[in-house]
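One structure coming up, written as structure tokens, with questions to follow.
Chain nomenclature is as follows: A, B, C, D, E and F, assigned in order of appearance, with residue numbering initiated at 1 for each chain independently.
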Amino acid sequence: MASERFQKALEKMMEYQPKDNPDIASHTKLIEYYEELAPDLPSLIVEFPFGDIYSRSALDKKQQALVTIAGLTAFGTEPQLELHINTAFNVGLTKDQVVGAIIHLIPYVGYPKCLNALTLVKKVLAERNDVE
Amino acid sequence: MASERFQKALEKMMEYQPKDNPDIASHTKLIEYYEELAPDLPSLIVEFPFGDIYSRSALDKKQQALVTIAGLTAFGTEPQLELHINTAFNVGLTKDQVVGAIIHLIPYVGYPKCLNALTLVKKVLAERNDVE
Amino acid sequence: MASERFQKALEKMMEYQPKDNPDIASHTKLIEYYEELAPDLPSLIVEFPFGDIYSRSALDKKQQALVTIAGLTAFGTEPQLELHINTAFNVGLTKDQVVGAIIHLIPYVGYPKCLNALTLVKKVLAERNDVE
Amino acid sequence: MASERFQKALEKMMEYQPKDNPDIASHTKLIEYYEELAPDLPSLIVEFPFGDIYSRSALDKKQQALVTIAGLTAFGTEPQLELHINTAFNVGLTKDQVVGAIIHLIPYVGYPKCLNALTLVKKVLAERNDVE
Amino acid sequence: MASERFQKALEKMMEYQPKDNPDIASHTKLIEYYEELAPDLPSLIVEFPFGDIYSRSALDKKQQALVTIAGLTAFGTEPQLELHINTAFNVGLTKDQVVGAIIHLIPYVGYPKCLNALTLVKKVLAERNDVE
Amino acid sequence: MASERFQKALEKMMEYQPKDNPDIASHTKLIEYYEELAPDLPSLIVEFPFGDIYSRSALDKKQQALVTIAGLTAFGTEPQLELHINTAFNVGLTKDQVVGAIIHLIPYVGYPKCLNALTLVKKVLAERNDVE
């Protein structure tokens, strides 16, 4: 499992993790949580998303985070949305931009999905004090 | 209906329309198409999205377009996704960025929704020759 | 298959069919279209929905139609939404009420799903001349 | 923010709030909960839904509530569905009608989404004693 | 309500219930939970799914369980997915097969919905010790 | 791009392609259709799904096909559902099993999504004569 492909993807993944706040949701915790279910789950979680997708150069890190938050707000999958609100702040998006991206989606996916996403923003903001 | 609120929202809306290609999907066509169904539909379509949402300053026009495309790719509502792929090109996003935003969502919403969005990108690219 | 349960459900179903317009979408056509795939499909399509659900008395026919249209607009399943826009008109809902139900959902499910539903209302209105 | 548009929409909103039960989910609580995230969120939450949509006359209050519950049951966005089950009772729908609307959707959106909606009806009924 | 149709469907339903673990999620508990809301809910929950659908012979019990888990993972309706992960183990699917079915869906519905389903597998496995 | 990883995944993919019917929907056509949009799209479409997911051993080919069809029926993404109904027949599932899997989902995702899936089964059956 510690193949070159895995290592490279893991390094890419670490660029998006929280700097020095071990308590907030992170991809590292995610891998630990699921690895008991199947031996290839860690590589499945790391290699394709970070080796193949996040390493593309079409979007910068902030654009990647905006697109991710928008997709997850529309889908309403909350644990992952919380994780990626954290990721958005990790890569330097401001509170106004993250809140603004979610508000921008109200006409497209409706208030309920957007308000549920804003609830998660409140949760994340309450857990970290490094967001401007 | 030609209230000040409507006029201001309409001006904002026009900032996102195609410059000189009347054949591609646009918000102007959308309003004409639906207005026979209810007399307040034009103002409903223009005022809230453009007067209240697109006029917010948290995101710039390109960020607004990326977020919109991501939300619509996740939702799979195709006529509006086609319209907003056009809007994305109208405000200056490149082919690589639009394609890249959709590819970025593969891990989050799956291949099928993303491939269907890419089908619409092919359709839009075939209809306009001003995209780099 | 011509059991008492099937017959009773079929009679209930016929209460919601178009009076004298054989060209518009109807449950009768639906059954014919699918019956080649499995011998129990006609009874599956008729008995549970019409024998068990539509025969409940909690809602009247117009309320049933409003609820159905709202659920299908949110889901975006278009052939069935077209069928039930017809059903709504069959049981006496007006154009303003059907359009109004869809517009009412804009804040909850967003413009794209509602505009797609309104496109189907335009299609249905073009096919029948008995709607006020 | 206390514009005429906001005031008028707020008055319309108050027609749908619980009469004298401050403990149940309400739009008033919702606004307070989110207003710290962006200064325009209260007006975004009040003005478009209540100034533009709920003030339309195509549907009466009970029909608006049925349509809302149906859309939210299909979408599965639970905090808002709980809020609007309360709203439905506030405007005079009976337990049989609210339960009946959700049961009516079983054939269209499946048991799981409808059972989750019925779980919320049980929660709301346990919190208020004014529902017949 | 204790009609022949209900009895036959109930017997079919019992074939899928947990053998001797009353604490885990089951259809029997489900019926008890909802029956206060409407007198016909028990028959609605039992008769159509188990009398009409589970009694079909096109798929065997394990195939039925795989298809159910896949549909519910895509839909993301969690209480029912938990119930049917239990059902899958009741009819003899292994941990590797249930986990494998969910992992198989990653390319089609994305990681978030699949990881949420795997969270429920972890919960179910922690509650029962008869899964190989 | 013709890396070892790509070649191995491509070989796995070919195990699921139609034997000698070039006219029906296939993964080979899919790759050709999209490759103009981004140079890494062929490897993104082939490597993760077939190199990482389809090469897992937890499910056999028929189980993989049932799970895929179920997920896509729930999601309602039609071009991919059509492709995978073909794949299901390619790996030896019968018409009764494919139709049976879709009918099995009616209680979980509702009639509309299942009837739309059955429409695609009719389309696929009309295009090939090797299905029993």
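Keep in mind that, in the parts below, a contact is a pair of C-beta atoms (placed from the backbone, for glycine too) under 8 Å apart; a residue touches a chain by one contact, two chains touch by 3 or more.
Only a predicted model underlies this, so the values are computations on that prediction, with no experimental measurement involved.
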Interface composition of copies subunit B and subunit C: same or different, split at half: different
Per Cα centroids, the chain farthest from subunit B: E
Chain of greatest Cα-centre distance to subunit C: A
Mean-CA-position distance for subunit D and subunit B (Å): 29
Subunit D-subunit E separation of Cα centroids, rounded to whole Å: 31
Touching two or more other chains - residue numbers and ranges from subunit D: 38, 44, 48-49, 53, 56, 58, 72, 75-76, 80, 96, 99-100, 103, 106-112
Residue ranges of subunit A touching subunit D (in the complex, touch as defined): 76, 95-96, 99-100, 103, 106, 110-113, 115-116, 118-119, 121-122
Subunit C-touching residues of subunit B, taken from the complex the two chains share: 30, 33-34, 36-38, 41, 44-45, 49, 72, 75-77, 79-81
Subunit A residues touching subunit B - in the complex, by the definition given at the top: 48-49, 53, 56, 58-59, 63-64, 66-75, 80, 96-97, 99-101, 103-109
Footprint of subunit E on subunit C - complex, ascending: 5, 38, 40, 43-44, 47-48, 52-53, 56, 58
Residues on subunit E engaged by subunit B in the complex (per definition of touch): 106-112
